[in-house]
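Have a look at these structures, which come just after this line.
In the two complexes below, subunit A is the common chain; its partner is subunit B in one and subunit C in the other.
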Partner chain A sequence: MSMLWPIARITFKEGTRNRSFYGISLIALIMMGAAFLISGMVMRDVGKVAVDMALSTVSFAGLLLVLFVGIDLMAKDLDKRTIYMVLARPISRQQYIVGKFVGISLLIVVTVFLLSVFAAISISTIKWANPDYFPRFSWGPVFVAEAFIALSLSLLSALSFLFASFASTSFITLILTIISYIIGQSMSTVKTLVENPQTAGITVSPVTVKLVQVAYYLFPNLSLFDIKTQAAHGLAIPMTYIIWTLCYGIVYICLVIVFAAFLFRKKEFP
Partner chain B sequence: MQGRTTAFLLAVLFILHVFMLGKASIEKRPLPSDSGGGFVFPSPVLKITSFEFKGIVSDLLFIKALIFMGSTYERKEETLMKPEKWQWFARVLAASTDLDPYFVDPYLLANAHMTWEGGMIRETNTLLEKGTQYRDWDWMLPFFAGFNNFFFLHDNAKAAELLMTASQRPGPSEQLVSLAVKLAYKEKMTENAILFLEAIEKKTDDERLKKEYETRVRALQARLLLERSVSAYKDKFKRSPDSLQRMIEKGIIKEIPRDPYGGKFSIAPDGQIICSSDYLLMPGQR
Partner chain C sequence: MNIINYSGVTKRYKSWPRGNKVLALDDFSLQIEQGEVFGFLGPNGAGKSTALKMLLNFIFPDAGVVTLLGISVSDRRARALVGYLPENPYFYDYLTAEEILWFGGKASGLPKHKVQERSDMLLHRMGLLSSSKRPLRTYSKGMVQRAGLALSLVHDPDVVVLDEPMSGLDPIGRKLVGDLILELKSQGKTVFFSSHILTDVERFCDRAGIIVGGKLRLVGNLSDLLSGEGTLENVFMREVQAAGGGGAL
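Showing the complex of A and B:
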């Protein structure tokens, strides 16, 4: 257990030194700037558009971080064979995986926090310029949405660990993580659609319905963490929803990391 | 020397770039544009493919429709817009509100253009009713839908129903309340009008207004009693009574109820209950 923290700390430091990190920050700043332009084009729901832009920027920049910095941090040790030096020390493979995940999760949380500060500045400035167009705005749902973004990104990062524990290259890990993200974000809508095809005027075979239902329980339901609409319109978010979604995220992360650690123990390095 | 050559080369290339950009942009103008006639993906497809960015996609679809409508004004062709362009406009706004049904701007844009200019009243009302359902705090959307029903479709019953919905939400003026009552009353919907006024009265803090509403409710209750009596008379004698006195003679009612505004009730030739103080039911006319 004592070895976890040094690995987590090194991973976090490595992440902040990664040059992609600065590129992602630049994209986030440009998107925040675009929020001023786009919110100026709407007639009434200026607040909604400002929050939409701010939260989507946090989400998108975080997604880039997981896909390019997170996977790189995990894969670099394997690709450059530096993992031999780490594992030569008195540290188990499971400790290595968990330590790395804690480090990357910390990087995600800190990044989302910093992006949230920029988001708050962007929303506040637009609110200051258009005080009459934020009638239902409240910071509470915005903060909950940002916390859920961090949790959802950690979950995606955990999945990338699972794929890295058996995939031969970091490129395959990247592709599998992107596929999981796409499925995780859309599975809930697809399931509703195939279970009620008459609503969209389509026909779906029973085999497809079964396949979708199986995939629904295998892949994470990332859409549960998406409460941007509620935050943008200042809609009520029940506390029970927050608690159950939080529990779901934590349990899924534990499940995936335990499985990744198991596979990683069996992995043969070249 | 090498630095100067590079700077010169960069300057020439930049000037060429600006020149070519202008030329290419001018050449592109006459090309067919997808704006105002292109394909709009069905909402289920948009919902799946926009992942967690449904809010932004909704915003961008709205802006696309807004820019299209703005450009028609620039070209002064709004009245000449072909039906397929109006259909495209309606589909884009419907897709935008499917992705984020709480977003108010697409509803307002639809109502501003699709009714007077586009003649798409039913399509506009379908959108407004969706907005009314989701934005359950907003009185403007049911108000607009009510107006469309009243003014364009001449459906007073539906208009009254929507205006009642609008009046029960925070914000609308007393004028709206009176309009709803007026429409409801004309459509023999006295019972609904009473329920509606009672709900408004409960929400009102002002004592003067509370008393006003109570009086209106009493006036409508008296009318409702007479309307029901006329129905009972019709059921029994298979024709309308020619006067209220006739209903007393036939034992349908014991007495004619008192109008709190001091008016006198009577029966119109079409069988409707009318009162000499009917105009007093409307605020601002007393």
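Showing the complex of A and C:
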């Protein structure tokens, strides 16, 4: 455990000083600012638009963070061999993977927290200016939605670790992570559609159904973590849903990191 | 007492996409004793870096055994005994020299006060104290090399492995590294370094080895190696030509 902290700390520090980190934060702030203008333009459901835009900004900025800072932190170690300075220490490959993941997860949590503060300021200001449009608004679902964003981004980051442990270049890791994100976000809807094609008036071959079912169980169901709509409509999130989704995310992350560490054990760095 | 031991080590790299295997080390055996300064010579691609990286477990042998003080290099405890400077070291762009030394010390299990003490001493020794809070991306190549040297020594290792330590250094930097090798020798440390600069090997080493095509062609005391041919350059050229003039890769 004592070996994990030095790795996690330098990973976190390197991440917070990365220029992309500031660029992503700036984009997020601009999008939050744009929410004021857009909320002034819409004639109804201002509250829903404000919450949806704030949470979407947190989610989008977090995704950019995982794809461009998180993967870069791992990729640089492998491409530019900064990993030598880490693995030349009495640190096992498993400790390296776990320490690195803890550092990147910490970066994700801190970033999502800071973005959430700005999101709260954005929502509060719009609510203050348009109190009539927030009849059923509640902060609870908004906070749960933000926590789920952080968890889903950590899961995506864990997947990028898995890909980096066998991919030959960081570009392949990036592409595989993006593909996983797209599949993870949409697979639940696609599965429902191919299993009940008559509802959409289409025909689907049994092979396609099987392929979609395999992909559904292979890739994480990221849509489970997306409760922006419920938060925007002020709907209460059942406690059982919160607990099961948390368990799903944490177990999935642990499994992926254990598998990544197993593959990484056999990786050579010539 | 043998502190570094390679015994019958063979390593082949698979080339992609055709899958041909390239022989990097061929039945390589070498023993280095405690307190020795050992110079490792060979043409480009001869297998020097492969052999050095095996000591750190970055590369695994296909056959044979590599140990440090009798501990297999696959055991992470072995790496607590060794400091390593890679060829053309590259560190985290946005961290400072002070921070990478903190990492090196903590990750090697040093207590906080010891990390601070060793870090300050080494930064001073390497002439980096005034720039220790600057990100490493602002450093010149020579400064990065010196920061790498400080990192390799922060935990006061018994064995120091340097891969081309003089590479890219100006005369002042080369003198600093040379003096450091001699200082380590006076402290009874074992130094194992590869170099293309034969005069450096002549100046600092007790023993030297020449590797060509993944095979250790010659190893011995420097005085014995030089007795017949006069200069290390003559010995080196003779061995390379005898091996067919090429490297393994």
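Rule of thumb we're sticking to: the second predicted complex is superposed on the first by the 270 of 270 C-alpha atoms of A that agree within 3 Å, B and C clash if a C-alpha of one lies under 4 Å from a C-alpha of the other, contacts with A are read in each partner's own complex, and residues count from 1 in each chain.
Heads up, the rule we're going with is that a residue touches a chain if its C-beta (ideal position, glycine included) is under 8 Å from a C-beta of that chain, and two chains touch if they have at least 3 such contacts.
Given the structure is predicted, the values throughout are model-derived calculations rather than measurements.
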{"item": "Contacts of A:172 with subunit B and subunit C, given as first, second, both or neither", "value": "neither"}
{"item": "Partner chain(s) touched by A:237 [first = subunit B, second = subunit C, both, neither]", "value": "neither"}
{"item": "First, second, both or neither for A:224, with subunit B first and subunit C second", "value": "neither"}
{"item": "First (subunit B), second (subunit C), both or neither touched by A:81", "value": "second"}
{"item": "Partner chain(s) touched by A:269 [first = subunit B, second = subunit C, both, neither]", "value": "second"}
{"item": "Touched partner set for A:204, first subunit B, second subunit C, both or neither", "value": "neither"}
{"item": "Doubly contacted residues of subunit A, that is, touched by subunit B and again by subunit C", "value": "none"}
{"item": "Contact set on subunit B toward subunit A in their complex", "value": "42, 44, 47-49, 51-56, 58-59, 62-63, 66, 100, 102-105, 108-109, 137"}
{"item": "Residues of subunit A touching subunit B in the complex", "value": "38, 41-45, 48-49, 52-53, 55-56, 59-60, 136, 181-182, 185-186, 189-190, 193, 200, 222-223, 226, 228-229, 232-233, 235"}
{"item": "Subunit C residues within the subunit A interface of the complex", "value": "13, 16, 49-50, 53, 56-60, 76-80, 82-84, 86, 89-95, 99-100, 102-104, 106-109, 135, 148, 151-152"}
{"item": "Residue ranges of subunit A in contact with subunit C within the complex", "value": "2-3, 5-7, 9-10, 13-14, 17-18, 76, 80-82, 84-92, 168, 268-270"}
